[in-house]
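Two complexes are shown next, each including subunit A; its partner changes from subunit B in the first to subunit C in the second.
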Partner chain A sequence: MITDVINWICANPYLVASLLLVPAVPLIFFNILPLLVVMERRGAAFIQDRPGPNRAGIWIPGLNVRIRAFGMIYNACDFVKLAVKERFNPAFAAASGYYVAGPFIPLAAALILPAFIPVFAPIAYSTADGVGWLHGTTIATHSGLLALFAFSSLSIYGIVLGSWSANSKYSLLGGMRASAMMVSYEVSIGLAAAGMFLIVGSFDLAKIVAWQGDHTWGIFAQPLGFVLFTVAMFAECNRTPFDVVEGDSEIVAGFHTEYGAIRFMLVMAAEYYHVIIASALISTLYLGGYHLSPIPLPVGQDFAVVNLDDRWMREHLGAVLALMLGIGAIGAAVFAGLINGRRVHYLKSGATDAQERAREYILYTAAIGGAALLMAVGAVLLAGWSPAPKAVVAGVPVWGGLVDVLTAVAQFHILLGKIILVAWLFVWVRWTVPRFRYDQIMALGWKVLLNGALINLLITAIIVKLVR
Partner chain B sequence: MAKVIPRPDLGVWERLYIGEIVKGLMTTFGHAGKALTNPAHFPTLQYPEQQPDIPRDYRSRHRLMKRADGSPRCVACYMCSTACPARCINIVAEESPDKHIEKRPVRFEIDLLLCVFCGYCVEACPCDAIRMDTKQAILVGGDRASFVADKAKLMDWEPKDYPADDIQSQKAPGGTLNAKALEELRSGSDH
Partner chain C sequence: MRVKTPQGEIVDLMTINLGPSHPATHGTLRLFAALDGETIAAAVGEMGYLHRGFEKMVEQGTYQQVLPFTDRLNYCSAMMNNIAFCKAVERMFGVELPERAVTLRVILLELSRMIDHLVCNGANLVDLGALTNFWYFFNPRERVYQIWERLCGARLTNTVTRIGGMYRDTYPGFEQDVLAVVKVIEDAVTEVLGLIERNRIFIDRTRDIGTVGAAEAISAGWTGPCLRAAGVDRDLRKDEPYYGYETYEFETVLGTTGDTFDRIMVRMYEIRESAKIVRQAVARLKPGPVNTADARLSLPSRNQVYHDMEALINSFKLIYEGVRPPAGECYDAIEAANGELGFLIVSDGGTNPYRIKVRAPCFTQWSHYPGMLTGSMVADVASSLGSINIIAGELDR
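After this line comes the complex of A and B, so read on.
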């Protein structure tokens, strides 16, 4: 029985890989969440000239240091605190169950969304009857982006149901604002993205990304569309300057005023997960998704079915990996240097815990510097590697095992890098721009974004018609 | 008549808003970059491991000045406790064995929880016996009793912590500097 299963797995590695994608992709996306929380807290602090939360730590007795991990420990503390707190039901909240169900809906809706985002280029593999494809999208469907928008819009039900059933005026106001924002900005999102659909001729996100690999990134093809889509996505995620839904200076905490403990955590997780999804969507639609180069680079032999950038990346896999590892090594080395600077500065400051922190900083410097060294060695070793396709089956190059895995990993990491950069844009804007007034938001949504998106769509339609 | 403040005249570029947002983003990015690269950039302290540098003339916890023989300079005249708006100074006097001095304090207690650190006691003192220049502005205690500074605690200071060329907290009778005041007292008057 077990040997049968193992045999089947060995016989169909690509099928197993496609099954593994189902839990792996949402979980990997979910793991950006703590990073995003730390980025938000420390980023906000640095923008405001303060060190930010840096106290929570884990004491390591053997090494005699307290590992604070740049504020990451706070995530664990927050989780434990919110998870073990009493799940308090306000007496005035509706007993209908909507109050309890409310926070689950946005998170459940958000957790489906990564399934529509292509995280690596389709991988061709030879089967008994020709070529099989392992798609980078967990749910490979022609209506990819439409389905994504449909599921993304479901989260508003959770917000409205939760806020209404909480039976509090602040919650209700927040919920109403959320639904009004949704109605206003969903239109602009669709119309701004429509420019990309027109150019590519498909709703399939995999096709949109492949087109960007063959021609150029969406941001160069649709600059206005990119700006409009990004602004509308900020509104969609209820992030500053569009955070009237939470509106903490006006309506306490908006739609989640009456939520505490683990329900509050679910609400916040959903909010941050939506930011990650929005970043992934912006990266996928306009920043080339998993593609490395903004313009297609020359390839040895062209195959109509494989997009150029993916083909180029496989041919120069060693150089691509070396580049990525090199960037990582330089980044890690700079980071280790910065930490060492902190150590020197803190030792000079005469604080009572200077020695303890210095030991901790030395540990970080050693670990990150070691990682930088490893990455540099890896980059040097891989730089010259340029694999060739194992076979050409029915006009499709098949690369096989290691090349496929490494390409997929590299492409996923390129996408993750773009997601984190765009997520930093979300954080950065939040701590720069103050909140818009409600009427300003509506005016911006209906008078500027909608008209801008329509003009963009019109111009794109004319150009596409002329070119084709 | 109401004063009308005209709204600033925004140009097209400013009304477009996006350019101004980018300018703001550059400002915040500059701050974030400085904070990331230069640890000396933070104006904040890692309290309590790092303590603020309190200047000598900051009105901090009191101390009682001493004579050359180590006895308190205080003559238990009750001027400070009379001047105190918070009524936090409690003095019990007794007769002084010194013929030149009428009284001396048996007990001299300041309830630091009542104290408002106004410095009136220092101003009121006729013989520069009380000063507020210990640099102890952060007082920590577990119970109320620990905040009552008695005579021993008020006199528990080392002359080396108060160099003669340092700024003194007040210019009460006796002059600004401890040594100078003593010298003037010895040479100038004959009481």
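After this line comes the complex of A and C, so read on.
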């Protein structure tokens, strides 16, 4: 019985891989969340000329150091604190069931969204009757982006339900603002993205990304669409300058005024998760998704079914991996150098805990420096490698396990890098600009963004008609 | 809440309490508003949540003992209150302060004005959602507080002056510290102006919001930056000069319409004018005594006390009884950061004040605040309140 299962797994590695993708992709996306929280906190501190969260640490008795990990320990502290706190139900909450259900809906709706985002190019593998495809999209559907929007707009139900059932006037105001904003900006989001639909001729995100690999990134094909979509996405995520739903100086905390403990954590997790999804969507629609180059690079032999960037990457897989590892190695080396500089500074400063800090910094320097060294060695070893297709089945090149895995990992990391960069844009904007007023957001949404999106759609439609 | 408008229309309004514990009300203020959607149909303000009975408390002690209480009025610029009170009492005695004390007081007044404006504008920008500016303002403010610490040992409640002069002379290097901090503050102002002055969101949020025109502001009894933002050229430093302000070169900053934008910008540019005054005053600072020689106010030196009977008695009487202003009434005001800060002192010739009335600039501004809000939106409550700089300590006393 067990041997049968093992045999089946060995016989169908690509099917097993596609099964594993189902939990893996949302989990990996979810793990960007703590990183984003740290980025937000340290980024805010960096912008605001202050040290930021740098105190919480874990004491390691054997090494006699306290690991603070650049503020990441705060995530653990926050989680423990919010998770074990009393789940308080205000007596005035109108319908307690709805009040409890409120925070779950946005997170549940958000958790499914990564399934629609292609994280690597489709992989061809040979089967008994021709060629099979392993899709980088967990839910490979033709309605693609439409399905994603459908699920993402479900989150508003949780916000409205929670804000109404909390039976507080501030919550109600926040919920009203949220629903009005969602209605206004969903329209602009859809119309702004419609330019890409027209150009590609499909709602399928995988096709949209593949088109960008064959031609050029969406940002160059749809510059106005990119700006409109990004602005609308800021509103969709309730981020500054559109954070009136929370509006901390006006309506206390908006829709989650009455939420505490783990319910508050769910609300915040959903909010940050939406930022990740928004970054992933912007990257996928306009920044080439998992593709490396903004313009297609010359490939040896052109196969109609494989997108050019993916094909180029596979042909130059060694160079691509060496480039990525090299960038990582240089970044890590510079970072390790900076940390070492802090250690020297600390020892000179005469602080009472200088020795303890120095030990901690030595640990960081060793770990990050070691990683830099490993990456540099990997880059040197891989630099000369240029694999060739193992076989061509039914006009489709089949590359074999190692190349497939490494390409998929490299493409996923390119996408992750883009997501982090766009997420940094979210952080940067949040700590730079003031907040709009609620009616000004409505005016911007209906009078500027909607009209801009319509004009963009019209121009795109005319150009597409002329070109085809 | 179902109400009938003056036009006879029946409307449903939602009543909402903004405060006394609310992020927008810096301190303990309460605004009770009736909302029509997000628009404020009517609002009522309530004060008194921070009432300590200042004016009654100060009748219990001597004139010197009033001083620490004045720190708690406008705690964002405590030194201005010290100086205003001492100036009023000194006026009752009719004494002239030594040159150095006057110049020092001018420096402290203007530095206090700068940090008060920094706090006000920084907090106001937080209300508008521009959180980063708060740190750009509070880091330089911290440098000023370090000077305060070295000058008198206290950060917030300084009690730095004495009736007839100063608590003590400055420390070595005071001038350099002041000039350095003025530079830092000017840089911060330039940086923040770069972030907001041409920022469309900021302008949309503040232009024509909470507008109080010249006539309205005068009739409401407004003073200081809020009045000047409406375009009224009224500055006690120019109109009724004291401490030689007429000899300093600086401009009165005037707004045009009196909206939130103007009030914020008037404060921003006043910081720059204050910087000019501080630089001139530091250049004028000459060594000399910082307390008047008038025996009715100043303690004699220890040497005199030990060797001179009259000096011993004088010291004894000043410490155990306190100063005795001549009987009568005296009103004296300075241009504080927030407006005209006046002390009306009634003396019966004794050592305790018979009555002290504070003319707090916040009071008139708060009285007119709920009226400003009618027709504006919930978000404007915060931005308007921040721009008129209500300090509950001074308002409620």
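Just so it is clear, the second predicted complex is superposed on the first by the 467 of 468 C-alpha atoms of A that agree within 3 Å, B and C clash if a C-alpha of one lies under 4 Å from a C-alpha of the other, contacts with A are read in each partner's own complex, and residues count from 1 in each chain.
Here, contacts are C-beta pairs under 8 Å (C-beta built on N, C-alpha and C of every residue); 3 or more make two chains touch, one makes a residue touch a chain.
Computed from a predicted model, the values in this text were never measured in an experiment.
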- Message: Both complexes share subunit A, so when I overlay them there, do subunit B and subunit C fit or clash?
- Response: clash
- Task: Check the residue A:383 against both partner chains and state whether it touches subunit B (first), subunit C (second), both, or neither.
- Result: neither
- Message: So in the superposed three-chain picture, is A:244 touching just subunit B, just subunit C, both, or none of them (first/second/both/neither)?
- Response: second
- Task: Go through the superposed model and pick first if A:43 touches only subunit B, second if only subunit C, both, or neither.
- Result: first
- Contacts of A:341 with subunit B and subunit C, given as first, second, both or neither: first
- Please indicate which partner A:350 is in contact with in the superposed arrangement: first for subunit B, second for subunit C, both, or neither. first
- Task: Determine, under the contact definition given at the top, whether A:173 touches first (subunit B), second (subunit C), both, or neither.
- Result: second
- Query: First (subunit B), second (subunit C), both or neither: which does A:435 touch?
  - Reply: second
- Which parts of subunit A are touched by subunit B and by subunit C alike? 47-50, 431-433
- Would you tell me which residues of subunit B are touching subunit A in their complex? 18, 21, 24-25, 27-29, 31-32, 34-44, 46, 48-50
- subunit B partner, complex, touching residues on subunit A are 43, 45-51, 227, 338, 341-342, 345-346, 349-354, 428-429, 431-433
- Spell out the residues on subunit A that touch subunit C in their complex, using ranges where they run on. 44, 47-50, 169-170, 173, 177, 240-241, 243-244, 247-252, 431-440
- Item | Residue ranges of subunit C touching subunit A (in the complex, touch as defined) | 14, 16, 22-24, 38, 125-132, 134-136, 139, 195-196, 199, 201-202, 204-205, 377-382
